[in-house]
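The block underneath contains the structure these notes are about, expressed in structure tokens.
Chains: A, B, C and D, in written order; residue numbering restarts at 1 for each.
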Amino acid sequence: MTKPLIVVDPQPRGLTEIFDPALWRRLETLGELAAHDGPGRMPAERFEALLPEMALLIGQSDMPGERLARAQKLRAIINVETNFLQNVDYDVCFERGVHVLAPSSAFARPVAEMTLGLLIDLCRGITTADRAMRRGDEKWLLDGAAGCFSLYGARVGLIGFGDLARAFVPLVRPFGCTVKAYDPWVSAHFMEGFGVEAASLDEILAESQAIVVFASVTSENQGFLGKREFDRVTPGAVMLLMSRAGVVDFPEFLRAIEDGKFRAATDVFPVEPAPPDDPARRVEALVLSPHRAGAMTDSLLEIGRQTVADAELILRGLPPLSCRRAQRETVARSRSKPIERS
Amino acid sequence: MTKPLIVVDPQPRGLTEIFDPALWRRLETLGELAAHDGPGRMPAERFEALLPEMALLIGQSDMPGERLARAQKLRAIINVETNFLQNVDYDVCFERGVHVLAPSSAFARPVAEMTLGLLIDLCRGITTADRAMRRGDEKWLLDGAAGCFSLYGARVGLIGFGDLARAFVPLVRPFGCTVKAYDPWVSAHFMEGFGVEAASLDEILAESQAIVVFASVTSENQGFLGKREFDRVTPGAVMLLMSRAGVVDFPEFLRAIEDGKFRAATDVFPVEPAPPDDPARRVEALVLSPHRAGAMTDSLLEIGRQTVADAELILRGLPPLSCRRAQRETVARSRSKPIERS
Amino acid sequence: MTKPLIVVDPQPRGLTEIFDPALWRRLETLGELAAHDGPGRMPAERFEALLPEMALLIGQSDMPGERLARAQKLRAIINVETNFLQNVDYDVCFERGVHVLAPSSAFARPVAEMTLGLLIDLCRGITTADRAMRRGDEKWLLDGAAGCFSLYGARVGLIGFGDLARAFVPLVRPFGCTVKAYDPWVSAHFMEGFGVEAASLDEILAESQAIVVFASVTSENQGFLGKREFDRVTPGAVMLLMSRAGVVDFPEFLRAIEDGKFRAATDVFPVEPAPPDDPARRVEALVLSPHRAGAMTDSLLEIGRQTVADAELILRGLPPLSCRRAQRETVARSRSKPIERS
Amino acid sequence: MTKPLIVVDPQPRGLTEIFDPALWRRLETLGELAAHDGPGRMPAERFEALLPEMALLIGQSDMPGERLARAQKLRAIINVETNFLQNVDYDVCFERGVHVLAPSSAFARPVAEMTLGLLIDLCRGITTADRAMRRGDEKWLLDGAAGCFSLYGARVGLIGFGDLARAFVPLVRPFGCTVKAYDPWVSAHFMEGFGVEAASLDEILAESQAIVVFASVTSENQGFLGKREFDRVTPGAVMLLMSRAGVVDFPEFLRAIEDGKFRAATDVFPVEPAPPDDPARRVEALVLSPHRAGAMTDSLLEIGRQTVADAELILRGLPPLSCRRAQRETVARSRSKPIERS
């Protein structure tokens, strides 16, 4: 009996970025490996030749209907970049039961951690006090606490309730925060299981002391946070933009901060890397993070760990458990772009 | 039957800083109030005249033996500045059963919160990335993660295991950290009750990825963290100085950071406010916080809440529960100085 | 535009058992309801007539290929009995994207609670001490602690890591237990996310002080816990059978308990109701629970809540979140029988 | 320099019950040991001869003023039986700063665990269902749930908020219970630190679904729970008596249970061992526990661990941390009797 063929075409990830030697050895025990370690994608000719025997595809490679038709042994596509692009014939995959997976929760813990760090920073003014001390105009003791508030017992509102939000919620539990969330794709019942109360967008904006935007970009929500929404934010609140810049009207976001409507932090920018003259760089009440929230060496290895864990289950005839599955109902609406390599 | 006399001489705190109207009304129900609302201390003449009837003293007033001898009805001194000074004849208090109390845990939660914020900042490089983005030489994505590590699963070492440490420990629990602590005044058995393992100072220094100094200053530990100790810190670690600058050799502390031995944050400085030319202000790998960790409006009200809660118990003939008690064994060794008003 | 047709054929559940008036009103807002409230199933003639317009089927009704072929508008089957039977053409459902769902986690919390109650009972001998006191031969104080152990810090081993196990694990966290689990369908990576370590069956048996059987019956595991396995259990351990009697060799289970190999509790029996002369009724070291672990009025309403929450999402064109989905890989192997009405 | 003299007179505890070999070796390093290992107390002649050099007394020995006057080197009395009796001149101890300590929290965790076990038993009817199955008149599935309720989200009321209550509260946290407490010796502020709301006795009785009595006996509260209080309990509630029988009017307690006012469990009895014809033995809705809640081998060793941990601190000139201190205000009111050896 031949071993199943596992094709590994991981760009824009690097092979050794996501698989350390121990993980790679585990993968080798699962099947015959055909791997391409960049730069760029596996050459089309080689890729096409592998289609007939391909049992697993690890990568974000194009898989239109024609290719799927030739890949009759294919059981799963594991997209290690983690954003679902419109380069796969998902309908065919769903019909045939080919899992399309993304180990996207790999970023959930580092993003949650960074979110809490930025949140306490905004509540307590850590970065602005550091800047002031370097300039020499800092305020000491209670004089420096104007506008600050404690996270203990604060009202936290989440916009988006996916992997990032679910990893974040346990981190604020010891502070005794009330947590509400708005997500049109998630039921109140499901949120309750995490101790979170469902709310409308307007409630989140108007009632929260801390607003965290975790929503990813879909065909429906581009720029859905604009002037109207920022005007509703309660005075003195803080806002964190942790997912994709595309969900906010960025110029209005900066204007609202400069107008003193709220203090903010952002990990994402409309263009990345942000140009040298990006006005965001000069906004005092904005903590700037150059898309680093999920960017940890270990996040990439976690992609590898989820990939290998689910590959093992799938090749044993079992359903995957660690990766997120593309869903028939929503995959066509995904608009998050892959991360570009610098 | 006359109501007990409660003398309130709260300097350097202000009366309305620590008691909001509701708290003040509760205090009024407990006894006859004789209050001085600054500036400075209650005039000696007035204070002395109140001694014979004084049942509770709320303040950091001098109470030498002569005054105590005249205050035969005194049941407790509640020091609302919260540092025990050598201006009270503690032996007489202990003999007579006059409680000497400090609502010092009022600062524990805001300091714990700030500590976690600074800790994530150091682990993930939040403030330094913000500074870099303002200068225009930031690094994006994984390129910006060099030297960073995640708090999840990290080895955290505490130096000092008092109120601050006990408030801090629950906040890192969701990160699954291993927490060890060094405190020569605390038994391993007591630490275990908080899920913390006792360790020697050298173990803490050599094995921790994150070292948090919570130790207050005593007659025994001034400057106990110096070059020898900093040399033992594991490369890549981070260190947070959250209690009093007096416990470290500050010039050596700055030198170790500049030499790249560790990244650090400090909330305290040898002289406060720090002079404009304080070299600390220019150390890149040091996050600067101008003694703001405990300085929140609510911390002061919490002083009032603990004071009133324990005043009620004491005047009902019961032992206090919220304030920290001066201890016969250790009070004479306390060397933490009161906070100066700017 | 016509409202979608929702067919409700809930047997063996009763309509008002699973839907309280508020839930029923929410369901009414979602579509046109065609409901049958027993006894037994909706008459075939009526059911068949509804097929062409049926958008949702709430029930455990037979849905062979012929019926599915006529139900072209069907989007989901929500099996409110919660065990997947072999009376649905699952392949057709998977191909067409008809969700087959079971709100089975409705039982997870009451079962987890009962499991913890029975576990502490076994650790500390609650039921046996009560029986002894009624007989008059009880032992007092430490004399009654022979063979008992504390759950604090105990080694807990789970057999099966599905909904029940995941609801149970948080309940033992405050006891500081080490939790390991054996489940051939679940990866070590997935378990780690719950703070649980994967282990082999033999490790679980040999090393645990408390063994909890949560495994449901499949085509592969009937009677997989027999004499060989019971012989491996560490002396003095306790075992809880919480899922289905079919996974153990029941006569050997009773024999092992009577031989003093371990103390045990069971919520399930090979025949239910157990016959009056069932030998299990006389085993002293066995705590007997007549299939009551999940049986709470609120569990049934929770079935209704999950059903309505997911019905809303599905009819809005979104994927369900609360119910468990039948999986292509495993649904054919399910052998758990429905609960019989008494 | 001579080593301090440690006198160990542990009755009614046995020496090896509270000190395992490792603990005993640690104690030996701390000083010169003079130990009596029963039966009974150390002979008075020997005890008296040791007074002048005694630095620590480990035991419940009589220490009237005359003996204290001769024990000028004494620094602490550690009462390893754990109930403060009126056989010590406490005033002299307080004046001189001789700590009088009891490692009473040694029982807190086993009692908390047993309390949770009995509480779930009462909520879900575990013991009564087991009894029914042995009689052959059990009810299956939902039919057996009449009168049961889930602990998830239940309103729990505590009477007494000492060590036992504080160990118990974390165990019900995963159930999301609301916890209120009544304790006239404890402030609302102190309870809040544990996430518990202070309430009056009548509120606790009337509003709780589960009432747990943790109050120890004082000169003020003997029999304070009687007919008037039981009449206030909300129908369908459960009550657990976990501390001392002396705080309830026991015949009324049994009558209330038999009248169906509430279901209950008790670990304590007016006379222990309870006589063979004690009517409590026949009350169906009462779970009987022959004073076993704290009675675990490890509780006694925990007494030893707390003793040695605090002995080390005290002999190093530091305040004790693990044992409970006798308080000037309350020690004279303690009326809990020592446990009698069977």
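Simple rule for what comes next: a contact is a pair of C-beta atoms (placed from the backbone, for glycine too) under 8 Å apart; a residue touches a chain by one contact, two chains touch by 3 or more.
Just so you know, these numbers come straight off a predicted model, no measurement behind them.
With every chain reduced to the mean of its CA atoms, the largest distance from chain D is reached by A. Centre-to-centre spacing of chain B and chain C amounts to 51 Å, using the average Cα coordinate of each chain.
Our note on geometry: chain A versus chain C, Cα centroid distance of 34 Å, whole angstroms. Chain geometry summary: the mean Cα position of chain C and that of chain D are 38 Å apart.
Taken residue by residue, chain B touches two or more other chains at no position, since every residue touches fewer. Judged by the touch criterion defined above, the protein chains form a single closed ring in which each chain touches exactly two others. Two chains count as a pair here when they touch; such pairs are A-B, A-C, B-D, C-D. Residues 109-110, 113-114, 116-118, 120-121, 123-127, 129-134, 136, 138-145, 148, 150-152, 170-171, 173-175, 272-274, 276, 281-282, 287-292, 295-298, 300, 339, 342 of chain A are the ones touching chain B in the complex.
Of all residues in chain D, only 94-95, 97, 185-190, 193, 305-306, 309-310, 312-313, 317-319, 321-322, 327-330 touch chain B in the complex they form.
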